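Since the structure comes first, as structure tokens, the remarks are kept for the end.
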């Protein structure tokens, strides 16, 4: 039995990737939660706006690379994130002015907003593909690994190796910082509190002199920041393909609902639950167990509960189970 | 039922536009557009039942149409005896064990009192069930997939006439809808959306991955068709003489006739569906459904079992989508799981319903025609436009090549803009609900 | 007689459809308590909302401290020194007690700590629970939060829409005591009440409304003594 080797193998193939993936989902799910609790609709354009934001960052990266700017060993894309954020803040605010504002004014039903976000989704999708096509774009430069499997093995002398890619490390650290800053903003600043107040009780917020349009602008701005970060980190980690971003919609929504729609902390917990479940259930546990089981009892099969193709099924199954047992989600969220 | 002169005018314009396509582009293209429009119209009808009659937000249309398509393979394809011999029973037994496991878990959930013990019992049942199922199902599946993998590697179908697959496709989709509806209807309204989004992705994943079922990404091709193929029509004397009269080539004439055969079949189905849907809508049942949609709270207060009515309409509407899916696969003669994309099969149908006028069956039909026409025509139009816009640039300029290559994505943009404009300026659609 | 501090005079109007108020007048003097009572559907809450600018008046005017405010939005009236406690949904449930008070003072730019301390002195239980989410408090405590929130702008008039709806009699007495205390600091109170007898007990002035019209107007004590009023509206 070699539990340490088992742990290393588990970390390398599951824990670290799941942590990184969960962080990316969390940033996305936070945006969905914010829009849901402030603007009160399910934002179907989230995946595609994330793709467009990432496309803007990629554009910025190419420009910076052409100018010879580099922050090696870190990826140049980090430097281009502010460009992406500015583009997306403007884009989302423009979408709000042109599309959503009117429906707010006429007090349209929530599903009308959802329909409108489908329209924005199509448009955003089209724009992204106009610029980027449908193929995969990789834009990760700088040092690819913090340490490789070989370096780890040489250093520790263990049989099992472990690598930590820069993209994963950057993702986890960035997500952590962003979450701390976001919670500080929501709980400690006047603007943040006014957002929570508006989400809690719109009429009373109006009575208290909170300007709803300002709250809306702040919400879109924060959403833009969150989705550019989420999209860029996901792209650095796994490469950029517009369709993959669209498909993130399901796990992101699942995370937001799991956590209890409207609860930011719930969205984060939900995101990690989804990520760990997706990877855990589609992960081949054979190697881990071969270290854990006594000699002669090593597993012969892959010990994979479900093929990777079914990761959406896992997300979905968890969602169904949680909703059956606790319809308000892990943290009690809003009821529509 | 009650079409105004204006509505008829809109349909007439659509017909004239299709006639112009036949004249100026090609008759084949016009027939292709017509047929896909008819299929889209049926999908839109299904969605309109759910949305327009009951306010249910289904974003899993892709899954229901794909399941309908699967029915075509399972009904019309000849069985593969070697595969059945190799592992047919094992696969069936495995599936039954899987279902039994879930049922057992549900029974445990219902019979035992809530608590830790129940959770453990359910977990135990699922784990044992999974292990037993995997033990039987896994090898049987491998054996089936090993049978002549280049052209078969699956169990095949029942070898029945292909037209029977249409109702079966509807039943398949309705069955899945029943399960989803049972779980998510009656909970918060957004859960149905996310549940349908999830299940449609799962359906596609199953179709792609379970090669024993319908060959997965290897596609099933050459499925029997309900209408003679153009190649078979070419030697027929009256087709040849018709080609001479029209002055068209023989192959063109044959493919137009074959396509029109489909059109006739689809029209019959569409007419029947509209007739049923309109009767239902104007019956006491339909009025009750709309009353529930407009004020769920008071309907509940009046003692209506809203959840059950919703389940019923959800199952019906999804069944109609399944029917459309089956029709589409039998027209194409192939099932290609890789081609199912949510933007095309789910969200585009939504655009059709909204643009046409939610709550109005004729509106959905018109919306389907208009949007499908745009979907097909915007791409060449975009290319033509880009060509014009970039004509000043050098022919080998990178930018020009990129822009020309991107013209395909103009259609997504156009759909989005169309949807947004309708929502903003004509939220009740081209033919509003009455 | 000098003009009352706040007066909604000869108000006629409704929520867009038929008129609910007909030539209805409600007024309150500085530091006094005025109570609006009447049977269900008499337009009590509507009269108060009219004073606060939450419905369009076809006729009549609202004046605060002699100044015409009929054209102002509710938010603008808050800035002018009117505080309003709605009947339901009058707190931010997921925010702490302290944050609720902070949000009440959203339009203020100066230091709010002193006001907050005064409110904690008025409702000591809120000081103990200031870090707790307001939605988790009991009904009576939530009402205190709601009143406290409205007081954060240091209003000159406080308007309460059925503040004792759904709380126990003991809590009701306690709440009325606090309201008297608030009035003693010079804040005018305008209040709609279902519990007419208890409310008129503490009222300097009472308005009995029937079908959107003033039926009886007098001091609280006089109304309580009036046999007509007792018979028709106070249950004998």
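Going by the order they are written in, the chains are A, B and C; count residues from 1 in each one.
The rule is simple: contacts are C-beta pairs under 8 Å (C-beta built on N, C-alpha and C of every residue); 3 or more make two chains touch, one makes a residue touch a chain.
From a predicted model like this one, the values you see are computed outputs, not experimental measurements.
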item	value
Per-chain Cα centre nearest the global Cα centre, belonging to chain	A
Two chains sharing the most C-beta contacts	A-B
Cα-centroid distance, subunit A relative to subunit C, in whole angstrom	47
Interchain centroid distance [CA atoms averaged], subunit A/subunit B, Å	30
Chain centre separation (subunit B, subunit C; CA means) in Å	58
Contacting residues of subunit B [partner subunit A, same complex]	55, 57, 59, 130, 183-184, 187-191, 193-195, 197-199, 201-202, 205, 208-209, 342-343, 347, 350-351, 354, 405-406, 408-417, 419-420, 423-424, 427
Contact set on subunit A toward subunit C in their complex	190, 193-194, 196-197, 199-201, 203-210
List of subunit C residues in touch with subunit A within their complex	74-75, 78-79, 84, 86, 89-95, 99, 102-104, 106-107, 149
Residue ranges of subunit A touching subunit B (in the complex, touch as defined)	42, 44, 98-99, 102-103, 111-112, 114-116, 118-127, 129-131, 133, 246-247, 249-250, 253-254, 257, 261, 305, 307, 309-310, 312-313, 315-316, 319-320, 323-324, 327, 335-336
